[in-house]
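Quick one: structure below, then a few questions.
To keep things simple, chains are lettered A, B, C, D and E as they appear, and every chain counts its residues starting from 1.
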Amino acid sequence: MTDTLASHADRELNKGEPLIEMTGIGKSYGAIRALRGINLRVNAGEVTCVLGDNGAGKSTLIKIMSGLHPHNEGSLKVDGEDLTFSSPRQALDHGIATVYQDLAVVSLMEVWRNFFLGSELTSGRYPLAGLKVKEMRRIADEELRKMGIVVKDINQPIGTLSGGQRQCVAIARAVYFGARVLILDEPTAALGVKQSGVVLKYTAAARDAGLGVVFITHNPHHAYLVGDHFIILKLGGTALDKTRSEVGLDELTTQMAGGDELTELSHELGR
Amino acid sequence: MPTESSNRVTLSLSNRILARPEVGALVAAVIIFIFFLSAAPAFRSAESFFTVLYQSSTIGIVAVGVGLLMIGGEFDLSAGVITITAGLVNSMLCWNYGMNLWVGALVSLAFCLFIGFVNGYLVMKTGIPSFLITLGTFFVLQGANLGVTKLVTGSVSSPDISQIDGFDSLSAIFASSFKIGPVTVWITVIWWFLFVALAAWVLQRTRTGNWIFAVGGNPDSARAVGVPLIRTKIGLFMTVSFFGWFVGMHLLYRFNTLQAGNGVGNEFLYIIAAVVGGTLLTGGYGNAIGVAIGAFIFGMTSLGIVYAGWDPNWFKAFLGVMLLLAVLVNLYVKRMSTARKVG
Amino acid sequence: ACSGGGKEATTDDSGGGANAAGSSGYTIAMITHETPGDTFWDKIKAGAQQAAKDEGVTLKYSNDPDASKQAVLIQNAVDSKVSGIATTLVTPDALAGSVKAATDAKIPVVGFNSGIDQYQQLGALMYFGSDETVAGTAAGKRIADAGGKHPLCVIQAAGSVALEARCAGVKSAVPGTENLQVNGADDGAVVSTLQAKLSQDKSIDYIVTLGAPIAIDALKAMEAASSKAKLITFDLNTEAAQDIQDGKIEFSIDQQPYVQGYMAVSSLYLYLKNGNDVGGGKAVLTGPSFVDKDNIATILPFTKKNTR
Amino acid sequence: MPTESSNRVTLSLSNRILARPEVGALVAAVIIFIFFLSAAPAFRSAESFFTVLYQSSTIGIVAVGVGLLMIGGEFDLSAGVITITAGLVNSMLCWNYGMNLWVGALVSLAFCLFIGFVNGYLVMKTGIPSFLITLGTFFVLQGANLGVTKLVTGSVSSPDISQIDGFDSLSAIFASSFKIGPVTVWITVIWWFLFVALAAWVLQRTRTGNWIFAVGGNPDSARAVGVPLIRTKIGLFMTVSFFGWFVGMHLLYRFNTLQAGNGVGNEFLYIIAAVVGGTLLTGGYGNAIGVAIGAFIFGMTSLGIVYAGWDPNWFKAFLGVMLLLAVLVNLYVKRMSTARKVG
Amino acid sequence: MTDTLASHADRELNKGEPLIEMTGIGKSYGAIRALRGINLRVNAGEVTCVLGDNGAGKSTLIKIMSGLHPHNEGSLKVDGEDLTFSSPRQALDHGIATVYQDLAVVSLMEVWRNFFLGSELTSGRYPLAGLKVKEMRRIADEELRKMGIVVKDINQPIGTLSGGQRQCVAIARAVYFGARVLILDEPTAALGVKQSGVVLKYTAAARDAGLGVVFITHNPHHAYLVGDHFIILKLGGTALDKTRSEVGLDELTTQMAGGDELTELSHELGR
């Protein structure tokens, strides 16, 4: 697993080097202001965790990084260069690969086609060059198995997979192609314990290979297992911004929930 | 963990064949073919078969483009009139300015591609559904065909161009025919087969094909993984225009003259062919061979009724029933293929 | 309920002596550029069917307004190895190839309804019909004689060569002629479009409609726009004939479609059976003739039988 | 937790008005209206205005039904010919069997509703897209109109029914007009307004309306929360048939006789009206008043060109440009309404 | 909160009474066999938790209970009556309300319309009866606030809400209308800690009001907080079926993950 990653990773990456720097980023959807004044750095070889309540603006934040929506305010620097992405292609060309919460896959297409969509293997560069179908099938199957996902038929439309299986395909794809920066939007939400473990391992492996990782989650436990830097969003603004050395799991949980709710809840529910 | 193979499936060969999108259409085509063989004695000759193929090819060539476009999630209602526009531009330019027909044909090609580009550009930039944008171009072209022809020639049909330089070579390419025994084979049939094969290859075996499915199935997701959405869609509109131009050239060089008001209504035949052939109206699913079979079903039905000598007043009713039957058979076959249990 | 105006008791006037279809062994294909559902073409068909019945011929009728598809229909007939082909030649250049294929296959071809100038050149043996431009000019002359300055020529199918030719004929006689396009498939739209035109241009003194149903719509529009224009029309149907008798329509230019259909089939029959050449190498004209107050009384009963 | 109001928004009144789906169409209508007022002197009279309204009403009545159906996520291509079918059934039944016209009108209504039911039933049971099913019915009805009329009356137009019992009362309901000063007001205009108001109420303020939006927006989710999907959709198809019947009655009682081949092509005018009025082609969004404005834009444009006395050969081209403009204005207004920032 | 539930709950419910009984249930999608030989009881006043890996068949199972897909094998008894649901309406009429993982809402419709979809409040029974729009808006807003979800405008299309907010609306709806049996498919997956807590509290409240609850989740912690009965699915079959008294949180976690993976992982990741 780590081999794949290391082999795909950019050799030029130096740990700690800033890949993405956001300063004062803000974003409005028409009349709705989803994000304001966000500062965030993604460093090579580190995992930046973004946490926050529902609707806090986490997905919006990563959509800006990955070129899906342009930002309205602030500046976005990639490798030191000031940029506003106008399409995801641009972001991908800067080596930023993303797994979206709600834009993962094209339901009607086969699993392996989804896996390679946008990064197909062809036997040449001319427009009519054939796809390397066999190879693509093999790789897709292999990569999914590594995540513990055995799809019944790699040729079935991805829409017939379960929600979690779809998510796995999207993650496996991003990891497989993620060259410099890997962005994961709640990757473990729909996953079982085993699959979550695999994703976390991948995340760690990506970090160790020198990639910058942005990890969005609701689960402070998962975040704390891999994170180097933690940001909590609240109502579109930053509520906490600390490195691993400055913050413990307890504080993180408390901050996320406004109190150690789970324990409290357990009392309340009387079990 | 139990063995994984416990509910892993391998589809049998017959099931895999049945699951292909064009099989339903093929079965429908065979049924209709056998039906007309028995109902219409005049249908039972190689000549008739090739007349049907010819008729299918003039629909089918544009339908290939329209099918690709529909898989890519868009419509083009201007695909019918653009054939006439293509021919008119070529013939009137050359007639009016005494150009060689080759120059006119190339100018016409450029013009058609430009219209395709405009269609695609407007759809992508404004976000207005292509149904509406191309309905607009449909009306505009229809009006312009008539208005310009009237202006240039004073009548509603284009001048005869068969005496202008370049006619022979062009008509050899676009509108020649040859004999095999008693049977006349039109070159459009050959072109049609070529285009279908090419489109089938592109769809299934190239990166572009992958993108076409993706932009039709889920444009947002496709864009998110870096598929060049705008470029792909504009390209598809231009492909339709190209095929429209091609058929326009055929019409011009076969008939030497064109009626400016024609071509209207054909846009739906293309869509029908595509959908009967298994293309999803909402995009993201379909197949070039299916579209070709769809065009063949349409050609066969519309001429079969004539061969059978049925009351022409009921023509449309027969056509409607055949269409419904074809679609139902198609559906039934598709159901069969997924309902069959394994093991 | 007892009600008037319903179906009248019909007499079967097909008479005795009619032959069974196909009893003469000939199959004749008739191919036209009809847009389905037109009363004019219905009469051509009626004539052809009567001829087929009278002569024991099997008739195969097919139609498509698109020239390229009409060409395929002719090819169709050739493939079916019919004994003879009767076709309209509205777009002679476009049909030349198919007609040639027919003559190459030794199938006699007869032209009718349109193509009077080109039928010989295409290889058709005979021709029955009128000439659209001549008919239009004749109508135009009569308008000019009556002092018309600004007729409105109503085209119900955009881009139709035959209809355009009629209007061009009218215009050649009355230079002030203006064309108007209406959606012939929607009577409501025809009326309002005409109504709009009449109120836009009050100087219109004649309205020329190119089909009988459109004439009926035009009457409604003239009434609504309180227009004083006079109405003339091409072709006939029961209502239009009645309106001519009532003086609401000045006159109709009739080209006797029934005769065209009848003669096209009969001439082929005679040619096949007997080698006859009807018209003696020249086109046989079935029009234009004028139907007006003077002769409507004799014609009116026939329109009710769908033969005029 | 910070105060919640920090990014809570209250939209200003003007923004809320701009966000309504029909406003874009309204702005487009006003612009086109002003344009024709200045370009066509003959347009500037109450008579002309009411002629336009009449023209719009004959399109608009069916368009209301088609709009509802499209919001519900389906198409009906048979909506144009069914108007003629309705009239033919009524007139030929009564003429042939000497029935009172009222009986015929009711039989015709039942028949049309039945066709709507069949359309809906087939779409729901087979899962074939409504575009195809109703294309089938479109062809079948078109053929049957012609075939049956020919069979019954021996010609291709229906007999004059103005002498049969019940004509007067029926024509008072469906096809009467009255004068206000010099202006003729057709009763269809009144009916149109009534139907639009009713449809607007149903859509926005009743449970049925909620269901229509839901089955169009996401049929699976709607079904999952217990919306009677099949019943709602079949009901929508029958609604379209009802309005088709209504316009058919108008045509019959206004013109006394019908051409069996007519009605073809209008189905697209209805769709155009609906879409220009802001209805989403893919379903789930739209509004009855918008559809009415769409029909009005179409009526105004098609007659305005005549009032302006423009070259009729270019008619379609003008129509196309107007259509595109209307859609663009509509879009622009919608964009404006969401782009405006608050505070 | 409990008030609302209690007021909506069926007074006839007796704790422990079986509401739904499945025996030998199986389901195939064409050639794919997603479920086989499942036995499951939903009792009034109890929470039945269904756990399992991705693709194990959890969603399929509840789709059978709620009438979305008919089953191919076995029998389904509701209130002792043998049934095969042919539409969700039927299931709803038997008092079975469901929150689906992937079929939650109609994006283009307003939040409040979504909330009341299929159960609209009208001012009368005749077809043209007006909707009680004001009341519906008020209730929807209230119920969402109770879950800690403040939407910016109750009239905005639900498609503009964040993923978690949408999920909340669907849950609030099911709870509000859930009369006898409440089925929740991974309700907490997309939710933050606070919102998850609210959902768990709701679940407990529903149980206390005498409803039968089916709770699907990947999170054994959440399951153990509220569950009375635990079923683990594996590849379409039952891998574990025990009551609360027979099983502890540890065993549940172990069974789910095939080993206490999270702890192990934590070692492996070296943090």
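Note that a contact is a pair of C-beta atoms (placed from the backbone, for glycine too) under 8 Å apart; a residue touches a chain by one contact, two chains touch by 3 or more.
Every value quoted in this text rests on a predicted model; they were computed, and no experiment measured them.
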item: Chain at maximum distance from chain E, centres defined as averaged CA atoms; value: C
item: Pair sharing more residue contacts (C-beta pairs) when B-C is set against C-D; value: C-D
item: Copies chain B and chain D - rotation angle from C-alpha fit, nearest 5 degrees; value: 180
item: Relative to chain A, chain with the most remote C-alpha centre; value: C
item: Chain centre separation (chain C, chain D; CA means) in Å; value: 34
item: Length of the line joining the C-alpha centres of chain A and chain E, rounded to whole Å; value: 28
item: Distance between the centres, which are taken as Cα means, of chain E and chain C, whole angstrom; value: 71
item: Sequence positions of chain C contacting 2 or more other chains; value: 36, 158
item: Shared-contact residues (touching 2 or more other chains) in chain D; value: 4, 7, 9, 11, 142, 146, 150, 156, 313, 315-316
item: Sequence positions of chain A contacting 2 or more other chains; value: 32, 152, 258
item: Contact set on chain C toward chain D in their complex; value: 1-7, 35-39, 42, 155, 158, 179-181, 183-189, 192-193, 195-197, 199-201, 213, 216-217, 220, 224, 237-239, 306
item: Of chain E, residues touching chain A in the complex; value: 29, 32, 52-56, 59, 101-102, 149, 152, 156, 160-165, 167-168, 186, 189-197, 200-201, 204, 218, 220-221, 224-226, 253, 256-258, 261-262, 265-266, 268-269, 271
item: Chain B residues within the chain A interface of the complex; value: 4, 7-11, 201-202, 205-208, 210-211, 213-214, 217-218, 220-228, 280, 284-285
item: Sites on chain D touched by chain B in the complex; value: 126-129, 131-133, 135-144, 146-147, 150, 156, 268, 272, 275-276, 281-282, 311, 313-321, 323-324, 327-328, 331
item: List of chain C residues in touch with chain B within their complex; value: 36, 58, 60-63, 66-69, 71-73, 75-76, 78-81, 91, 93-94, 96-97, 101, 157-161, 164, 168
